[in-house]
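Listed next: structures, encoded as structure tokens.
Common to both upcoming complexes is chain A, partnered first by chain B, then by chain C.
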Partner chain A sequence: MSDEANKGLLSPLRRKLLMGMAAVPAITMLPRASFAQAPATSAVNTTGLAVTDTEVTVGILHSATGTMAISETGSIEAEKLAIEQINAMGGVLGRKIKFIQEDGASDWPTFAEKAKKLLVNDKVAAIMGCWTSASRKAVLPVMEQYNGMLYYPTFYEGLEQSKNVIYTGQEATQQILAGLNWIAKEKGAKTFFFIGSDYIWPRTSNKIARKHVENVLKGKVVGEEYYALGSTQFNSVINKIKLTKPDVIFTDVVGGSNVAFYKQLKAAGIDLAKQPLLTISVTEDEIDGIGGENIAGAYACMKYFQSLDNPNNKAFVPAFKKAWGEKTVIGDVTQAAYLGPWLWKLTVEKAGSFDVDKIAAASPGVEFKGAPEGYVRIHENHHLWSKTRVGRAKLDGQFELIYETADLVEPDPFPKGYQ
Partner chain B sequence: MTDNRFFNRSELIGILVLAVFLVVVLPLTLDVFRLNLVAKYLTYAFVALGLVICWGYGGILSLGQGVFFGLGGYCMAMFLKLEASSVENTKIQSTPGIPDFMDWNQITALPFFWKPFNSLTFTIAAIILVPGIFAWIIGTAMFKRRVGGTYFAIITQAVAAILTILIVGQQGYTGGINGMTDLRTLKGWDIRPDHAKIVLYFFEVGCLFVCIMIAQFVRHSKLGRILVAMREKEDRVRFSGYSVANFKIFAFCIAAVFAAIGGAMFALNVGFMSPSFVGIVPSIEMVIYTAVGGRLSILGAIYGTLLVNFAKTSLSETFPELWLFGLGGLFIAVVLAFPNGLAGIWGDYVQPRIDRLIASRKSKPDGWTDSSVADGAPAE
Partner chain C sequence: MFGDYSLGDLGSIFVMQGFAGLILFSVYVLMALGLAIIFGQMGVINMAHGEFMILGAYVTWMTSNLFQTYMPSLFGGYFFLAMILAFLASGALGMLVEWVLIRHLYKRPLDTLLATWGLSLMLQQAYRSVFGAREVGVELPQWMLGSLHVTDSIEVPINGVFVMCLTVLITVGVAYVMYKSRWGRQVRAVVQNRIMAGAVGINTEKVDRYTYGLGCGIAGIAGSAFTMIGSTGPTSGQLYIVDTFLVVVFGGAASLLGTIASAFSISQTQSTLEFFMSGSMAKVLTLLAVVGILMLRPQGLFALKVRK
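Moving on, here comes the complex of A and B:
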């Protein structure tokens, strides 16, 4: 092009224009030059992921519709907030994060289909997503087959470990054991009554809890009952509770069933201020539906409460409310979802690469000091070291922190002696 | 003469167009991921095809086809799951050699009803027979007592709800709400890589055409005419000496078996089976596919299934939070404006124009292409 320009007779104006055009590429080069330390794409992306000189694409895969939308919306919001904050700080390896959101529609095969679409068609560098165990189990073979990276936020039953998944929530022993220890010591509890929803997570959690009660605490499980997902009739189990008078009611009832359960418990005259109840399935999100007055006094065992008093959380809560509205509440899983993009960013920077294999290898030992829950670190088994906390539900729907473990609890997805 | 047994000329053209579309056009234009999605959509086409016979011709509205889809799918999935749960694959479990979900539920030995599913022959037989016999039992219990119409639809719905609860509740034996995931090989042949997906797609299309032929045969046989007569005036058929119940049972069984084949294909193509295809909502969705396509048209039902599922995928990819409204709008629009679905649009608007075009080109009438017989229009 410039050869031709030299040959022709050019008016000064045209010459100026041409010079200007020649300068255009130089200008577009500028932003790239300004990220002096941003490494070349060819060096950080050897497997054909959606990484350009200025952008990297990740996927967000949750249910925006269907029965799970009410739970998963918080996770979507937290992940978007984290991505926005990371971008405001300059992105990852000099690249802004762009996200593609897909709807799992509360339908497990749809999750698998969308995960495949994100990996195969969109070549996303990582996926933040899934919520229920069922959706994770559906997505897992896809992640392993196409070598993707999933950041999974929910506390779950354990018995799983994959190179292609980072579990940012607690596995069962992390969530249960410290809480049981605390309540046994604090309340001198010897007898426990278990109530759960009927699927893999409550069943596995209660199995672990039962072994711990019987073998470690030397207590007794006086009842164990399961209800189908979505059940709203708990009167018979409440009668059994009244008959057996357990020291502690231990519950992992999920979703909308909680509303009926706590209302009926209250109506039956069981006062949670006097009858200790420990739940591993109620967060601030659920209390929104249950109503603070129906559950005040119950203990919940989690790793995060919105009311936590630490500098990270004091910055996180207002930022979240500013982004998503003053009335939103932040539950345990929402916070864990917020960790996903941050842990991924830190891992990519540690590995110096977006390649999934390198991220999987670099993940153990990655620590995030800015976590709202305090401090977390990734274990060799791709779960997080984190503290277990017990909170007491208050009338206003928030939890008051009652107890936290002194140290981080080691994740142990395949606990010996509990299977 | 055999031509008349299966289809007239315009139906033959329709089937050939569909064959070219599925066998040539789609594989050439779509990447493997999208082709696999089409394979998934086509599994529902089996169900829609069954509904055309059962609902469109026989007038028996079943809102429980998910039951049969699920039974077929679970039979296939049980075979695949057993193969994926070999001792070396499941070393990590406390009882190696049984499916992972059994291990999680403290089951230590393979239940007796799982054992025959080690055999592929048994599995294939079960895919056809289990839903077939189940449909026969329901059909006999209902139709012999002259339960029909709305009551029958409600009962099929109840069956769908019961089966879902059963599967979810018996999670040690069925995988519960998670379903059966991580299906890997069929007789040692890996069903997950791209080339396997392509092979499975063509296999599925082949099976679909076999089913289309069966449906065409039923439609053109005396049996099909009795079904239509029953739909229009049941009592007259009964008074003419036909056993209405038996014909209804037959239509219901054939719809069930088609649905089960679809379910088995689903397990193979998607590598997954879960109770979310068994319940009331998916069953109703399957009826919607048929309604959109046109419940009186065999080919219409297939195009309807493809269209609705394609819309579902593309709308949900583009508008992850609003797509359900778009889909709902599509259903309402189709059902209100075109009660006979896509096939109705074709038969009322497109086909007559084509016929007129052909007729105006030809100066002398041709016995073979008599347009009054031409049948894109589904009504008999």
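Moving on, here comes the complex of A and C:
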């Protein structure tokens, strides 16, 4: 799709978004820079990025088509909302943000190609994008070669760190360890059954979880099973779960398989109110497809739930719904995607420049007090300090917050003793 | 691995595992039946089979919403109406597709592969535009959830039993139509010799259209039934297409009995192996076995004996 066509399509949408601006009171808590005199373009852009006296261009690179569109739609929506809100407040260094949206089409080489196009042809100042680890791995060499800046929203397996990427989701240890600690303490859990989809994220996550269960919690993993992506039949593994009677089922099944897994679990008579289940892959977005009645009672461990009760989130949720429809739900990754444009704006203002090198250097220590999940801060390793939370799924598809860590959890993408 | 468990535990697990195999078998038969008609009888490689199934699933979703809004008191029975509507919707779309696309390609069966693959992409994007990119959750009536308690430790999923009954019903129906009815005889005549069938007065175009429509309609019913056990999204059809072709090709393309036998052997192998090893490893071994057997018997398990 050409950029021109995109812009045409988006104009009614922009109007809708602007209507949603009424509900941004939390944003007013942010430091409001005064842009009486915007700094000269020659001073803030020394590397030939697409920055003019009035505008700065960023890229949005997600799958709007193909199998990943299910997941990435929310991220696109969140990033557009953040950009519109920033523009409504006066933009970045006195410049309005303009975005060019490209479609990765759920195809990893396409992601790399589009990233290159955004950096080389469009000279975008930053890219908000990617969702799966596979797409990020495809884009990473492009970002490093052409010195771009990527804001990546998904919780992921870790084992990566780049000057050219800011990871706004949690890495595996951040997400998993606190959840396991909580369920071990709260439920006295000693035995765990792992089940995941068969690719890098569940395998790495389960490896970390296994080490933690065996070495720290002194528990036992009684089963570790993987099913191919897209599997729809789980009756055999459910029988194995019934046989081994684990204290906790720990799952990282993704995509369409998720729906099949929970429906069959329910049909097999496993009552999640009595059988603790901890998932790291089900957000409000997934429950839309699974159906609240099939997963009510399960625990999810991540950093954000739509139901969080804080002033930022109370402004964010209505603004999001106003822009994208009353029925839209907001999952963990959608919220993390919303952080991307904000963190970039704050970093640009801290650095006083759009130059990628200066942004990369200025990123550590950047704080965002208006985040819907609460306060976040960028770590030296370009991941975020954030709290980890455990929520319990309810019939209506929302999570009830059960537990949150007292302090921010340090991101540790290369965890010692877990590899 | 069984040392730690009591005999009673093991017994009930084996019973439930047997049911798991039977449910998988029914699922395979149900999803393969439509394709067995279209690919087996007509020789059209229908890559859009999964998308016809998902149309059925979306129809079910719409029906459930309709009942919830306007007739909540009848919600318990909506599923039966939904299946009929799914059959009609998918069947009608199938007949339209046959008229626009497939009928021009009967002499070029390999091209149907590309044409229907393109069709599947178009349908996926159409679902995405109409219903949104996110998955939808189909709410089931209360009586279809949960499981039957046979004994304290043996539980049989109700939706599994439902799928099994449905499969038996539809299989018998299809077998009757294809092998006992006058129309079935016409279908087989057209497949074996189109020109000759036309010469003896069979309206071959009409037979083709209805056969294709029937195959797609059954796919729609399957899609409707699978809302109980799987996901409903624009690309969910892709989850089924590989297994479906596997079952039909392994069974021997032109044989309904072959499809059933192949679904049975694949599902039993798969579900037994799944119990002893990881799911993805079980899949690998099942596929290896299928490849091995197909190397020895390229025509599949059952094949029509024809003079060549």
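In this section, the second predicted complex is superposed on the first by the 383 of 419 C-alpha atoms of A that agree within 3 Å, B and C clash if a C-alpha of one lies under 4 Å from a C-alpha of the other, contacts with A are read in each partner's own complex, and residues count from 1 in each chain.
Please note the rule applied: contacts are C-beta pairs under 8 Å (C-beta built on N, C-alpha and C of every residue); 3 or more make two chains touch, one makes a residue touch a chain.
Source: prediction; values computed, not measured.
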| query | On chain A, do chain B and chain C fit together or clash when superposed? | reply | fit
| query | Where does A:A138 make contact in the superposed view: on chain B (first), on chain C (second), on both, or on neither? | reply | first
| said: Taking the superposition on A as described, I'd like to know which of chain B and chain C A:V120 touches: first, second, both or neither. | reply: first
| task | Name the contact category of A:A228: first (chain B only), second (chain C only), both, or neither. | result | both
| request: Considering only touches as defined above, state whether A:K350 meets chain B (first), chain C (second), both or neither. | output: neither
| task | Pick one for A:P109: touches chain B only (first), chain C only (second), both, or neither. | result | first
| query | Taking the superposition as given, does A:T65 touch the first partner, chain B, the second, chain C, both, or neither? | reply | both
| message | Going by the contact rule stated at the top, is it chain B or chain C that touches a larger number of residues on chain A? | response | C
| Does the superposition put A:R203 against chain B (first), chain C (second), both, or neither? | first
| field | Overlay on chain A, chain C to chain B nearest C-alpha distance, Å | value | 5
| Of all the chain A residues, which ones make contact with chain B and with chain C? | 64-65, 198, 228
| note | Within their complex, chain C touches chain A through residues 5, 9-10, 13, 16-17, 19-20, 23-24, 27, 125, 128, 132-139, 145-147, 149, 155, 157-160, 226, 228-236, 238-240, 270-271, 274-275, 278-280, 282-283
| Parts of chain A lying in touch with chain C, wherever the complex brings them together | 64-67, 69-70, 73-74, 198, 224-228, 230-240, 242-243, 255-260, 263-264, 266-269, 285-293, 397
| chain A touches which residues of chain B in the complex? | 31-33, 36-37, 40, 92, 94, 101, 104-106, 165, 168-169, 171, 176-179, 181-182, 192, 270-272, 274, 276-277, 313, 316-317, 320-321, 323-324
| Residues on chain A engaged by chain B in the complex (per definition of touch) | 64-65, 101-103, 105, 107-110, 112-113, 116-117, 120-121, 133-134, 137-138, 140-141, 145, 157, 159, 198-200, 203-204, 207, 228-229, 414, 419
